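In order of appearance the chains are A, B, C and D, and numbering begins at 1 in each one.
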């Protein structure tokens, strides 16, 4: 396939929806972003890279970081991890707390905030420096040594982080947080603040397209673990729209409120699309549309 | 591929788990079933049929019926259907009622009981005879004119159906049930009581492998609608184990407490496996294992 | 005390709020009532009767009936009753269903609808005719042989009774309903439809002011049981405003959406006030105000 | 009445249940207490003091402190306080978080932990030193200048305080906490650690028996505010047993997991009873029994 041509065509097709949706506004650093931006990148498993639009512009990766911390912990803990966090979808957000109570402090999956906090907690225990290890990993996989945190965003997250603090303390009350809650929160807020471009992210998620092998060829995850991550992305990766995303796009994907979405075509490539305008469920309007167009044009969807 | 050889091998590999799990016991008619039984069938999109074990033995299809009623309503109502039922996973069963209240009587998806009741209600409105239309459809698609309801099972369901009655009345209070509740329940209990074999079901779900075309070639669903059904099966088809099933099997599937599971390999075949012993989440132990073996042997999983 | 004078003065003091609030509108029979009406009656433990305003006008007693069915069952079952229903307040109405699920089908108290359905169910089992026994009791206690059901209201309740049907089936699924659900519902809807005046109700609740003795002198409840009923009225008798009612009025009371409220001054009298305009929590605006005035004028409140 | 004689008799009557129940064990400092202890004190509105058993032994007042912080804030804020916390019972503890979410961070009443945290937060804002102001107040009202915090208990509370931290952060996310969460928690844990005897507490709650007047004659609360506090004690003061307590004791009361209970007889006296063994709902077994005996012997109950 001529990927560059495909990306060009996708850009043409999504032009009508560019600027639609609302930029995340719960922290000022995100609210200031120009909503009309759009970028998309594709990195093949062999290292080729294609892009279109603002594909070199760094943005706040936010919840996309959860994919990478999950992989880093799974690589070290293996199935023991699943004693502390589930692998199942979680229903509407209203129920997050009651569900956590009903299931005695075990979050439903690693992509809801409670689950991601457990993962960051565990990564801290395993490495002593969750955010540092994450940054090193992303620099290596993206091939971009300047990938870094945004301290303004991290500080903003901390200031508006009461709900995450509540979740962490709640789980700590059940014994499901190992480190002091303020430390866990700090690492978590920093990981969310990472600034990366579509190019960076498309490459960085390549290990999932390569069934667990890093860009260096070294194995991070077993084949089976890579399948676990992909399956969780498909069923839980796009907030309360996983069913809709599965139908329209049909690929394992993970979105963030910064407007980015990564998606995986196993054996072929990692994809990343970015546009800051979000729909009511927190996913990039133009991003979902672009991935929908891409899988329709290529026939590469799962179903 | 030599499908018969594959099925034979799968049977050998699942032998160690045959008889594991617990047979559904909430109604006597199900509790009496011999737990050691196992059958598996595969029907290609071109009409070839393969089977192994007890693949000709009829069993109670239970919730598998929800796939077919969904398709029959979607074919008639199109996207208007999604105003009355969602397409998203639902979290743990404890939350089903509070979720229904929070979302004003709109069930999360067509495969939880509340959603299936809405579908049956709608099929009644559209056809005047939900259960009759369903039986005709399944006879035609399976090529087996003797497919029929089991009146003993249907009566048993009705006798133990208080929770379904509660759900139906609850939704009726929100105006999301069109027909008298007792009528909806009656059709629902009958549809669950349908007795079919693996051979019947593997053929009957072929229209989803053929992107919406019936065995006659006639189109039931548009391509897009067939994708919708498959996506809902993948994300919501196996009760509270959809994430686990996605990872292990990686195919759109739907299970029933009778011990059956249907699964779809788009463009290739419909599959049905049956073994009555259930795991803690209500899915056939040997059934999930068999599908896991099958996709591992063939590499035909989604991820 | 000169009760007549007191009631006259209360009427003067509540005039400014007469007509405030909204008449219950979920069934047409209630929605048609003139909101400007107001009546209040006081029946002493020795049989004297005083009244003011529309105190002789019958209105729909609705949930006030729950006090009487509770007493009739408690008289027969004693403490065994508390195995099927609790005695504790229930929090906001949103939680009624999740609470019922969490507590395995045991309602929190006899005055939420779920609890009242259990009581009616039990009264049916004990007497064979819950509504008939209730009517006889109320005719005897009120001294008014024409107390009767309103078939239009009863039919209306049944037509809009899906939520009560859901509750009853839900509890039946837990084994906490003994009779067929439709029978229980029918008796329940009839009991809610009883039409009585302030005069009737002030006399009819006299047994609670007499620590359990009926108007005939015969004992219905033990002293201790009468205290139980009074305590439940104080803590759970006015929907989600029991705390507010306890502070403002400080008497055991029970309200209904028809706009009536009964209240008990132990050893002295039964009170009933009626005015159809309801506040946001379902209690009569002028009714609560009148009881507030009355206890302030007499200093007869609990606190 | 001969109060001393009454207390002596109550002690005789409760002897059979002394030592029953389980001492609170979530923090070591409480778990070490001898469960066989029992004390009871009565302080009349005129300053007379009576006592029996271990009535001079200090114990951890825990949640009884919530009565005093409520009064101190209500005295300063008046009805404005009710914008930040409700006055209604809250149902079973399982629902505390979902209720808080449903009601947008406004706790149901000042005696559940969430509500007490709001009160402490407000007292901090109003006085700059919530715990210090509370200690001064209790020293003055009890007439015991040595009333003080127990630093071991306070530290223990902090160590096991994740659930309270979760509640505070959760409400802070809704804007219903004004001060930094760690500060609020610190003051809260200190206030719970106050060590006082039955004699101290019986006197200290006298202002509620005097309709708001302090021991000095100075008015703390208006008559109406004192009624508000009493009403909340009656409907919400004994965890999930308020209905039971209202029936058995029939007085405004507040219990703590240290085994203490204060109760108010308006116009007459403040009562305090203490015995460390708790029932399943967290109230002192012998304490409730003693108050039950006392009101039965004196006929002073509400009902």
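Here is the rule we go by: contacts are C-beta pairs under 8 Å (C-beta built on N, C-alpha and C of every residue); 3 or more make two chains touch, one makes a residue touch a chain.
To keep track of the chains, here are their UniProt names: A, B, C, D = Glutaminase.
What you see is a predicted model, and the numbers here were worked out from it, not measured in a lab.
Trainee: With one step meaning two chains touch, work out the least steps from subunit B to subunit C.
Mentor: The distance in steps between these two chains is 1.
Trainee: Need the most distant chain from subunit A, centre defined as the mean of C-alpha atoms.
Mentor: C
Trainee: With chain centres taken as the means of their Cα atoms, state the distance from subunit A to subunit D in Å.
Mentor: Using C-alpha averages as centres, the distance is 48 Å.
Trainee: Measuring centre to centre with CA averages, how many angstrom lie between subunit A and subunit B?
Mentor: Measuring from centre to centre gives 32 Å for this pair.
Trainee: State, to the nearest whole Å, the distance from the C-alpha centre of subunit B to the C-alpha centre of subunit D.
Mentor: For subunit B versus subunit D, the centre distance works out to 56 Å.
Trainee: Touching two or more other chains, which residues of subunit A qualify?
Mentor: Each of 94-95, 98 in subunit A touches at least two other chains.
Trainee: Pull out all the chain pairs that touch, please.
Mentor: A-B, A-D, B-C, C-D
Trainee: Give the list of subunit A residues in touch with subunit D in this complex.
Mentor: 94-95, 97-98, 101, 162-163, 165-170, 172-173, 181
Trainee: How about subunit D: which of its residues touch subunit C in the complex?
Mentor: 86-92, 94-95, 98-99, 102-103, 108-109, 226-228, 230-232, 234-236, 240-244, 246-247, 250, 252, 266, 301-303
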